[in-house]
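Pasting the structures in now, so scroll down.
Two complexes, one shared chain (chain A), two partners (chain B, chain C).
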Partner chain A sequence: MKIAVMQFPGTNCEHETLVAVKAVGMDGEIFRWNRSAGELSSFDGYFIPGGFSYQDRVRAGAIASKEPVLEALREEAARGKPIIGICNGFQILVEAGLLPGTGKIDMALAQNVMVSKGQIVRRGYYCDWINLRHEAPSRRCSGSFLIEKGALMRIPIAHGEGNLVTTTPGMMQKLNDEAQVVFRYCDKNGRVINEFPVNVNGSTESIAAICNPEGNVLGMMPHPERSFFAWQLPAFDPKKQRPDEPGPGRRVFESMKHYIEVSA
Partner chain B sequence: MDNNLKRCTPLKIIGLADPKVASNLRGSGIGMSVSEARSIAEVLGRDPTLTELFCYDAMWSEHCSYKSSRATLKEFLPTEGPNVVMGPVEDSGIVAIDDQWCVVISHESHNHPSQILPNEGAATGIGGIVRDVNCMGATVVATADPLRFGDPYGPKASKVRWVAEGVVDGIWQYGNALGVPNLGGDIVFNESFDDNCLVNVVSLGIVRRDQIIRSRAPPGAGEKGYDVILIGKPTDSSGLGGVTFASEALREEDEETNRGAVQIPDPFLKNVLFKANDDLFRLVREAGVEIGFKDLGGGGFTCATSEMGAAGGFGMEISLDDMHKAADFPPEVLSIAETQERFLIISPPELRDNILKIYNEDWDLPNVYEGARASVVGKMNTGDRFEVRHKGEVVCDVPIQHLTGGIRYQREERARTQSLAEPVIEEPQDYNQVLLKILRSPNIASREHVYRYYDTEVMGSAVIRPGEADAGLIAPVRGEKFGLALAVDSNPFYGRISPYWGGATAAAEAMRNVAAIGATPSTITDCLNYGNPEKPEAFWEFREGVKGLAESCKKLWLKGYENQPVPIVSGNVSFYNESPQGSVDPSPIIACVGIIKDIGKAISQEFKAAGDKLFLIGPRFDELGGSEYYRTMFGVTGANVPIVRFDLERDMIYAVIDAIDEGLLAAAHDISNGGLACTAMEMSLTRPAKFGFELDLDGAEESGMRTDTLLFSESSGFVLEARPGREARLMELLRSCHLEPMEIGKITSKRRMVMRRAGETLADLDLDEARMAWTCGLAEAMR
Partner chain C sequence: MSQEINLRVWLKIPDAEAATVKNTLVRRMGFADLLADVKKERLFSIKVDSGDLQELAGAFARELVNENKESHKVLIDELKFEEGYVPVKVALKIEDGEAISTKERLRSRLGFKNVVDVKKAIIWKLYISGMDPELRAKEIAEGLLINPHKDTYEILGK
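Our next item is the complex of A and B:
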């Protein structure tokens, strides 16, 4: 089982993502943007890690989405192989039309706008540990295949543009109806409260992650590779006291592995 | 020199009177003194060319040559120790972590550029420091920014806030995009920084001991005619005269012209360059050859090339025609412009094709950034000249060691006379209001408003983050249990009262901060920010600060090595931090790197469980001089500055490290700004902020001390939360370190912060109300 961790100029999370891929027993390598796109077909799954590909020129993810390797990834996605985009990777998948999966750009990850009690209290880049609630049924999506519906996950975010918005009529309805909403921001007890700080970036309906209708392509703003070991957890999380244990984000990587095994 | 080449027209110096020489120099944009110019002409035996004067001007600037400071640094600072792999000789210092791994550290200032263009200035500060670390062959793993801004509520509030906001933006926009976690830093506001902010930056890297790359032409480079290869961004005119600009005081009327001296940063290109550099390091390892590698920073191309050549004892011949550049600039501009995102390689000719391929094809620099690439720009030789050609002319031909040797000045020092006195004040009636006001003050309030902009999580290595403890901690190597702690410190209010104790306390507190999470102080770096060294009072402040800092390093010892100092392996001197309104408060900003063998043992500062007992170590003294209490409540500085009691300080630091290693502590926080009261409150207010406390100050009784002194004196110490059941062993350990621990209270499940003395309740504060004040204070001061 071999995973490609995609690398564009400006990507900055490829190494820790590869560490996580290997730690759950998958084989993997970093795949530089100017390698022959044809080589991608020999991989079983793909991560598009976070960073600032092409300096966020035009819009976050816009330039990378036009690279030949993205065309190749589209073909692999059509074959049902799993692709998980994290942070800037999510932005690239949206710009490439792979999410929400209509082939068109049907949504945007806009600048964070933190709203509390009707007031904008902050804008832009934000880094913190937050909580997610898993919204899809298990086995729905490649990156949360092993996660039960309603399960909670503590995980960090670090982005300036994670505020999911869409003006396509019926799109929110469709995402909800077809269980394409994979994670929402919530408080530590699992309550979704649609304002800052629980909805950390102003995202519509507190959405943090979505998948395509087939479920093999997942985009998420939070970083599971940074929540992979318990020692990475924030000081106030009691699980940090057991530093050698797995962290919550590991389930995303295990899910992809299981998804590939089941699909084979 | 090739006789077919003509030398370009010189600038007339020999035979002219001083005023005429001065006007020739100023008219050409050269900052050096007439006597400096004459000494150069004398060594050359002719009038120098314009390019030569520009090169000397940059290389002999205070920034590059340390001409005023070097003698003092050499006289006092301890730079050697059993763990030192490389002291302050190149761009970064290197200290051993274990038999295999080393930590690389560099510490710089970017003060003047940040005052003029805050965003670009601060961003370039990060850009420069990470290059210094990377060029040692290291992976850059962390940065931190100690920041000093003016009074956000003073007469220059709007400018101060504009600078502060721009600086923070510059830091996050550069650092986050580069992908290096920001481990913290600190922020202090005071009116002495109204016209001169301080933007210091620290960076850490990791390298295996056998894979260190030096910033010098390697042995044999001259004999074998090694290549000189320039990589990165095409040279332009940005940052022209940056080092000269950093070596003068700021005047408001020069702001327009000074903008050109600020460099333009590009984290995106740097991100790609770092990855290409990794391939270069791999190539060199596999080929088993030694190269020289250096970043281009202050003094630009001339500084990097000539310093590497001179360090190897060789001469070199450079062709500016072969340099990739953004436009056809004159030779003096190409020589000293401080264009960012560039490195220089000195390597054997047989590696040339492979090196060019890494940058120009594999990482495709020309397509990633317009005009960026790797170019061979010169050759090493066995001569002793630094020779530069441009369009068929020799524009520079000087003795390389003379150019890089710089000059020395013995500056005059004179103690600043000031009348200091302790104020006569009434004890407060209502401590609740005092505590709320202090919690909200910009120097005490939570730093969350700022550090949420910083990506602390990238690389996935953060163990303890900003706001969680006195120091940040990362686990930089997967599969290894060791961690690197980093803390920075300097209190300008102490420096104002006593530049000596300002230096000593900064070093001691930085070490205390690292110890508070369980790490052992391993090395110190200093960025010494002072006024104009040509003024005797400013030079005295500088010398006093260095003495104080050195004393702390020498007397606090490297743990495990009695009488060996904590070594200072890297640093920077930033003079001329003054405007016509005056100079900044003496600010020797210290960074301390600590090492912890097992990150699983590190502890944070927030209270862990109701019922746990609290202990104080470090007796309180009447030391309210420069305190937050005096400043916030009475607007005065006072006189009784905290001093370092070296034996006590060492005993406390060692005891806390040992207690954490033994698992006796659940939380620890050092006592500094705001005194005992703020230390205890911060432990309660730090997320998750679930517990209150009851302090009984009778346990901390000092004979007859006033209550406000007891609560707010900033004498050093620690508040410790004992792990339940381990109290007796903790007391035993502390006493064996010659300490007298005082039990001062306990953690409660009530959301109240209560302080009592002699049966009387002094304060009883609602936790949520206090937290609101504490978390708002910084945003209010910066927006």
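Our next item is the complex of A and C:
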């Protein structure tokens, strides 16, 4: 089982992602954007990690989405192989039309606008440990295949453009009706409160992650590779004292592995 | 009645973002035979309700332009560009936090109480050869320069 961890100029989480891939028993390698795109077909799954591909020039993900490797990933997605985009990877998948999966640009991950009590209290880049609630049924999506609906995860975010907006009529309804909303931001008790600091970036309906209609392509703003091991957790989390235990982000990687196994 | 001061700002050094846009359009999007050059500017459109416009424009430029690395041009109640380039104005459709912050700072920190509005935009100047450059500019804007869910664009006259 071989995973390609995509690397564009400006990607900055590829090594952590590869460590996580290998730690759950998958093989993998970093795949540079300028390798022959045709080589991608020999892999079983793909991660597009976070960072600032092409320095976020024009807007986050826009330039990387035009690279030939994205066209190859589109073909692999059509074959049902799993693709997980994390943070900048999510932005690239949206700009490439792979998410929400209609083949065209049907949404944007716009600049963060944090709202509380009707007032804008903050804008722009933000990093913190946040809580997620899993919204989709288990087995719905490649990256949350093993996660029960309603499960909570503490996981870090770090981005300036994660505010999901769409002007496509009916898109939000479709995402909800077809269980394409995979994670929402929530408080520590699992309550979704559509304002800052629970909704960390102003995202419509507090959405943190979506998948395509088939479920094999997932985009998520939070970073599971940065909470893969318990020792990565923040100092205030008691689980940090048990460094041999897995962190919450591990379930995303285990899910992809299991998804590939059952899809084979 | 308010009047508008347009402040065009561009880098003195080569603009890496413009170079990336040109490279992507030429190498990835099929514009190799049509696109000769891409330049980028920032545009501040500042509405004021009183004061000497030339004097205000100079003061705004001193605050908003870093002369070590940027050049600028002031235009009062008009927006003109050089011959040969098709100017494409891209602005946020959603709220522009940077424009709001600029207005707040000009008014509250720097004392320009006559500032009533600030808008920001990016101007992409496209040097396009062949037939119907404005149609090509539209294709470039919609294909790369904007995401229609958060941006708007306008092809400006020269």
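Going forward, the second predicted complex is superposed on the first by the 264 of 264 C-alpha atoms of A that agree within 3 Å, B and C clash if a C-alpha of one lies under 4 Å from a C-alpha of the other, contacts with A are read in each partner's own complex, and residues count from 1 in each chain.
FYI, contacts are C-beta pairs under 8 Å (C-beta built on N, C-alpha and C of every residue); 3 or more make two chains touch, one makes a residue touch a chain.
Values in this document were obtained by computation on a predicted structure and should not be read as measured data.
Trainee: Figure out whether A:Gln55 sits in contact with chain B (first) or chain C (second), or with both, or with neither.
Mentor: Both: A:Gln55 reaches chain B and chain C.
Trainee: Could you say whether A:Lys66 touches chain B, chain C, both of them, or neither, answering first, second, both or neither?
Mentor: So A:Lys66 only meets chain C here.
Trainee: Which of the two partners, first being chain B and second being chain C, lies in contact with A:Ala37: first, second, both, or neither?
Mentor: neither
Trainee: Once chain A of both complexes is superposed, is A:Val165 in touch with chain B (first), chain C (second), both, or neither?
Mentor: second
Trainee: Look at A:Ile105 in the shared chain and tell me whether it touches chain B only, chain C only, both, or neither; answer first, second, both or neither.
Mentor: Touch partner of A:Ile105: chain C, not chain B.
Trainee: Touching A:His15, do we find chain B (first), chain C (second), both, or neither?
Mentor: The first partner, chain B, only.
Trainee: Can A:Leu152 be said to touch chain B (first), chain C (second), both, or neither?
Mentor: neither
Trainee: So which one touches more of the residues on chain A, chain B or chain C?
Mentor: It is B that touches the greater number of chain A residues.
Trainee: Identify the partner contact of A:Val115: answer first if only chain B is touched, second if only chain C is, both if each is, neither if none is.
Mentor: A:Val115 sits against neither chain B nor chain C.
Trainee: In the superposed view, which residues of chain A touch chain B and also chain C?
Mentor: Dual-contact residues (chain A): 54-55, 124.
Trainee: For chain C, which residues are in contact with chain A within the complex?
Mentor: So the residues of chain C in touch with chain A come to 16-17, 20-21, 24, 28-29, 92-95, 97, 101, 144-145, 147-151.
Trainee: Where on chain B is chain A touching in the complex?
Mentor: 172, 176-179, 267-268, 271-272, 362, 364, 368, 451-465, 468-469, 475, 478, 599-600, 604, 606, 687-688
Trainee: Can you name the residues of chain A that touch chain C in the complex?
Mentor: Listed in rising order, the residues of chain A that touch chain C are 54-55, 57-59, 62-63, 66-68, 95, 105-108, 110-111, 113, 120, 123-124, 163, 165-168.
Trainee: Which residues of chain A touch chain B in their complex?
Mentor: Those residues of chain A that touch chain B are 9-13, 15-16, 19, 32, 34, 50-52, 54-55, 124-128, 156, 158, 223, 225-226, 228, 231-232, 234-236, 243-244.
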